[in-house]
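First the structure, which I've put down as structure tokens, then a few questions once you've had a look.
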């Protein structure tokens, strides 16, 4: 009983951490964009205000059960993926222990898709053509970036003969190195794929403000949008943590985690700030050129 | 139906605080006033520092910004958009046209006073109002929200019959489906 | 009356001459007599087959007291008996079918038809049963002449053209065979096949080769081998429908019988067997390929028939016991299945003059029974289980695999695919097109239906349980390949 | 003399057959083709008889004189065969002629290369 | 009576009887076929596994028995057969020629059981052909576009069957026996080149049925053209006969001796999976989409089998079972839509979710399983497949599979969106939920999809039994099926399925409760016509559905791959052949004299060449 309570509280702590960090990262991103555009920009806690406001909206409109459940799918995906990622190295701090022993990379890759599909279903239910257009763009783009991402993951798994994240982290601890140095090509491919994963500019055709309204979330407002924003924040944290765990040797404590994830987070943000938007097929072909090439190199590197 | 003397509870205070600092704005660029918004939002005046940011659809928006005159044709769309927004929601009438028709005061197909058709929380006058006054308008709206006085939506619901009557006077062949309030 | 193989020849011949006489007495009698004769022949087939199978002997019937090798004798062995029984039974089924066929044709015509029909039966059965090479030639000519006439039976069609082509080529066939017989006679001085076979090793090999080639080409014409079969598609197309069945079931079978009798018993030269295989393959490939591109139903069936005969030739050409077994099985299957296809196909294009495939579009709705049987026959002939065609094809492939003729197997299977394409195309047309043609349809009479049904039942029964027939065929194979016992049993009768 | 007779028999037969073959294969007229076929037949029959023929032979009837004179008998079998073959040839020719008449009525021509309703 | 014979007699006799019943007592027909299949299931599941029968027919020795591998596939056939025939009773209501339909339906079920029980190649081929034509007769049942669709199916089936037959007779020629047991023993004595030929020919034979890449062109038309109740069985069970055959060939005939064959097969299957998925993505007819998706899924199965490792084979067989389950459901669901709404064209039909909630639920679950998303059964299969491929060093295959299954999300979403989500158009306002006999099979099958995600043990155990017969050591822990929740790969990494299920369910339920509870009273439902569209007021008759060119950007990106369909090559080949054949046809030019010249020329040729080539 105790252990279950312990685990639950640990899980809750992880979620809170992820939520907070993700939210702040979002705020920081807005701030960075603002500064680069020579603006003052909103306060970095602006995203909290947005989310709380969204939750506190009185009415919420939905077009049917799937729209109601779509954000739930999304949040389920992010929280579950979070549950299966080791947040800190080794034993870490006891309340950040979670279920990471029961899943591996392949599972995680699939779990991360769960949310997009659920959200897509919710968006589909609304009947707004913009939502559907956004979804098709998002899914198409996903096919693009998942391939180099999985290639780099496969390269790592192949190189170190383990498919679990904990296993990869242990290897990094034992060999006292980061996998981004052991297999640089994998890291490059993964980072390039990560650009797409975050759906930031130039790969923001999914939401494409001013083009397809806001894409999948066109009809979502109030608590639904709030839930989606929360899920997005957690998800951003999940992705960053995954990358840190896999490529950068994980983190021994929270500060290290924050620093590493933030450093990583800057890549898509900064790349995005200065980039215009790719069209969907351009995005796909983008991912299927250099990232794919690096992915193949990574696997070759791993297998020889 | 607000009461000045009622102190806000802490929850309401937080709610209002977040509401005022996170205004998702749906700019309905009906008239020439829309040209002032880019200036308001971009580097020089940077409305985002106040938490104001654009929203793509009425579902996500808190604030409806009516920038300029409304012809009867656009009125029905504005009503539609307003009704699609989720509570709490606020309306800013932007420019003289929304107050008295402005330079279209004698036009046969523009409405003269927006407040007769949808409840306006804040008017920003001027033709065009400069970004400074727009920001002042936002500030005013934020003040109202913080004090819990920006309750146009409530008014609209309570006096729906009156609003409908006015709307129907202008809009022949009532085009809207009755909204399921 | 003592049951004797002579009846196979005597009775139909007699019937042929009696039909006009009886026709004078009673119109129906002329039509009934052939049926009775064929029924009787079927009956004696059963009795005689039972007799030779159970006693494991061969019946050698001496005609007019002249003993072999001087006289003409009839040999009723498992092989010849099998074919003769098949002919008579098939003949009976076709008689059933023709009994009410084309009621509008006047009586005199019908009598002519039955006369020729009986002559054809006489000839075909005679070819199979006779033990004398010149007699075989005579029967071949009887068959051929009645076949020419039957081909041109309908005046309104292009029958005469087909018949003339047939006659032209057929004359070459008979000339070559006659020439071969002549040369053979100069070499061995006898016409009895058993004695020829006995004396054959002494013949000059060069002469032997020439004679064999003459026989090969001569019988090859009747057996529809590739460059020699120009006549056959026209004939199948223009002859009356049931006659198509008879051609496929009897005339061609008699031709191939002559060929293999000459090759296996008379000459027994293994060197010609590869030629048989090659010619068979070419025949099959060319015919099936052309059948694929046919726009006329009967012509398609004709080419398909040629293709099947190619398969039979290949099977004989492989020359092992298993392959000959497969070949005889194929002959049997081809007779019944192609017979049924011709019988049912005739009704599908009954009143059409062009008999194109367009005429069968959507006919399944109007002639359900006939269409169903046609479809069943199609499935059977392409070798789908559980129909008869499957087993013969399987045995042939097994035999080919035994001697490692992989190319043969491959070609047979490729050709089978082509076969499937065109047969199923017809089935599609029958069932899944809208009927566009306005030609009046003819519902088969009861006799016709039952005739087709009998064949269908045989097809399914043999398909589900091939042992029904495989025992007989096994005996027939043994008999065909056992040259010594043939010689002995024929000549021992002579020595008595 | 004998040899000459034999050779001339054979030669004539072969020449006849070749003539017939030429007619059957090269002539376009149906009637000529039929005639060609008949000529082939005739040549063949002649060949048959030639094979059975023995110069100065006797009829194949067993009688004391024949046995005593030890003269050779003409082989009777080819003669029998030829009789049959002639009959058959006759029948074939008859059928052929009937067909030719029918064809001529039907097509109004007797040229074989114009009678091509049935092809491919 | 021997229960094998009883089984066959039941099915085949039942088939004929159902035809007669339809003719004389059509009321009893539906009940009869369902009862019959129940009975068949009863006989099948109560059968003693050692039952076997041997006999001789036409001089060929035959042997029938259910091996454990066959039993696994038998489970699919019998259960899916029962469910799909139950489904048909409602789905086929009011169609004509039902006797024909049910007869062939039962024929194909019976022939599948026959294939599975045959322990010799002849009865295998015999039943295989019965299966081919009976399924073919159903494929052409609807009578639409038969010339192309039906012909393609039958021609490819024939090519497959005949190459199989060729392999069979070659085997016979060398070993002198048709019995599988004899062949397994003596196959390695054959010369290597022949062994390779046999393997390739058998692969072609089985590859056609399991829709391998160059031989798959029949599948989309055949799957989408048959009545959906049959397609459920067709794609679910009938195509698995090819997989069954593959397992025979791969494990018993080539048996890891030829790793190259395994590689080639795996790569072919991978290319199949990728290309078929891409084709599925660009389809706009739900049936076609599912058909291509089936091809792709069969690709995964074959990859799993061809990988040859324990986990890979297990993944392949697991996916085979699961594919029957979820694709069966999906075809049934699409059939329900077709029946109720009249079309499955996704550019027309949309927004059925509120009309057919249960059908939607079933298809949602099946789609999640199909896409391989945790926590449903499909994920278990996918996981095992990936782990097997990675641990056996097939890295690029993993990428291919991953590409295919990522692109599969596209069509997964497409079908749900196209049929059930999106705008609710007034022309489909009349649509009602499918009747119970159609719903129950769907829901039962989707129940299996759900259950297998958490408790895969109940499928994995029969699979392991089957694999033991292929010569693998059993590796599953010896525990009850509901305890089996941890799957290991050969590097020792694991996934704990029950944890996954618990965490996903818990989070989902909590989030759902919270979001529902929050502001429940002020939550409003609006119709799909009430969407934000720049203030435009959408009237009921305005069609706002986005369905045409759904994945156009993706299509543009992959266009180089799809530019030329394999089908086109076949068509060109066919046209070329036909032109050639037309040339050949000219040999018979109609001039009798020419034929005579052929004769004389042939004679002359033989006389000249005879002495030289034939020795006389």
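In order of appearance the chains are A, B, C, D and E, and numbering begins at 1 in each one.
Just so we're on the same page, contacts are C-beta pairs under 8 Å (C-beta built on N, C-alpha and C of every residue); 3 or more make two chains touch, one makes a residue touch a chain.
Note that the coordinates shown come from a computational prediction; the quantities given were computed from them, not determined experimentally.
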item	value
Neighbouring chains shared between chain A and chain B, ordered by label	E
Distance-maximising chain from chain C - centres being C-alpha averages	B
Chain closest to the middle, measuring from C-alpha centroids that were averaged per chain	E
C-D against B-E, pair bridged by the larger set of C-beta contacts	C-D
Most widely separated chain from chain A, with each centre as the mean of CA atoms	D
Centre-of-Cα separation between chain E and chain B, whole angstrom	58
Distance from chain E to chain D - Cα centre to Cα centre, in angstrom	69
Between chain D and chain B, distance of the C-alpha-averaged centres to the nearest whole Å	117
Rounded Å distance between chain B and chain C, as computed from the means of their C-alpha atoms	97
Touching two or more other chains - residues of chain D	24, 33, 115, 117-118, 120
Multi-chain contact residues (two or more partners), chain B	57-59, 84, 87
Shared interface positions of chain C, touching two or more other chains	161, 164-165, 168, 172, 233-234, 290, 293
Inter-chain touch pairs (all)	A-B, A-E, B-E, C-D, C-E, D-E
Residue ranges of chain C touching chain E (in the complex, touch as defined)	161, 164-165, 168-169, 172-173, 176, 205-206, 208-210, 212-214, 216-217, 221, 227-228, 230-231, 233-234, 269, 271-272, 274-275, 286, 289-290, 292-293, 379, 382, 384-386, 390-391, 394-395, 397-398, 400-404, 406, 409-410, 413-414, 416-417, 420-421, 424-425, 428, 431-432, 465-467, 470, 474
Chain E residues within the chain C interface of the complex	57-59, 122, 125-127, 129-130, 132-133, 140, 143, 146-147, 150-151, 154-155, 158-159, 162-163, 165-166, 169-170, 172-174, 197, 578, 580-582, 584-585, 587-588, 590, 592-596, 598-603, 606-607, 610-611, 614-616
Interface residues, chain E side, partner chain A - complex	351, 353-354, 357, 364, 368, 371-374, 379, 382-383, 386-387, 390-391, 393, 395-396, 398-399, 402-403, 406-407, 409-410, 412-413, 416-417, 421-424, 486, 489, 491-496, 499-500, 503-504, 507-508, 511-512, 515-516, 518-519, 522-533, 544-546, 550-551, 553-554, 556-558
Interfacial residue positions of chain C with respect to chain D in the complex	134, 138, 141, 144-145, 148-149, 152, 155, 158, 160-165, 167-168, 170-172, 174-175, 178-179, 181-182, 185-186, 191, 233-234, 237-238, 290, 293
Of chain B, residues touching chain A in the complex	14-15, 17-19, 21-22, 24, 42-43, 46, 48-49, 51, 53-62, 84-88
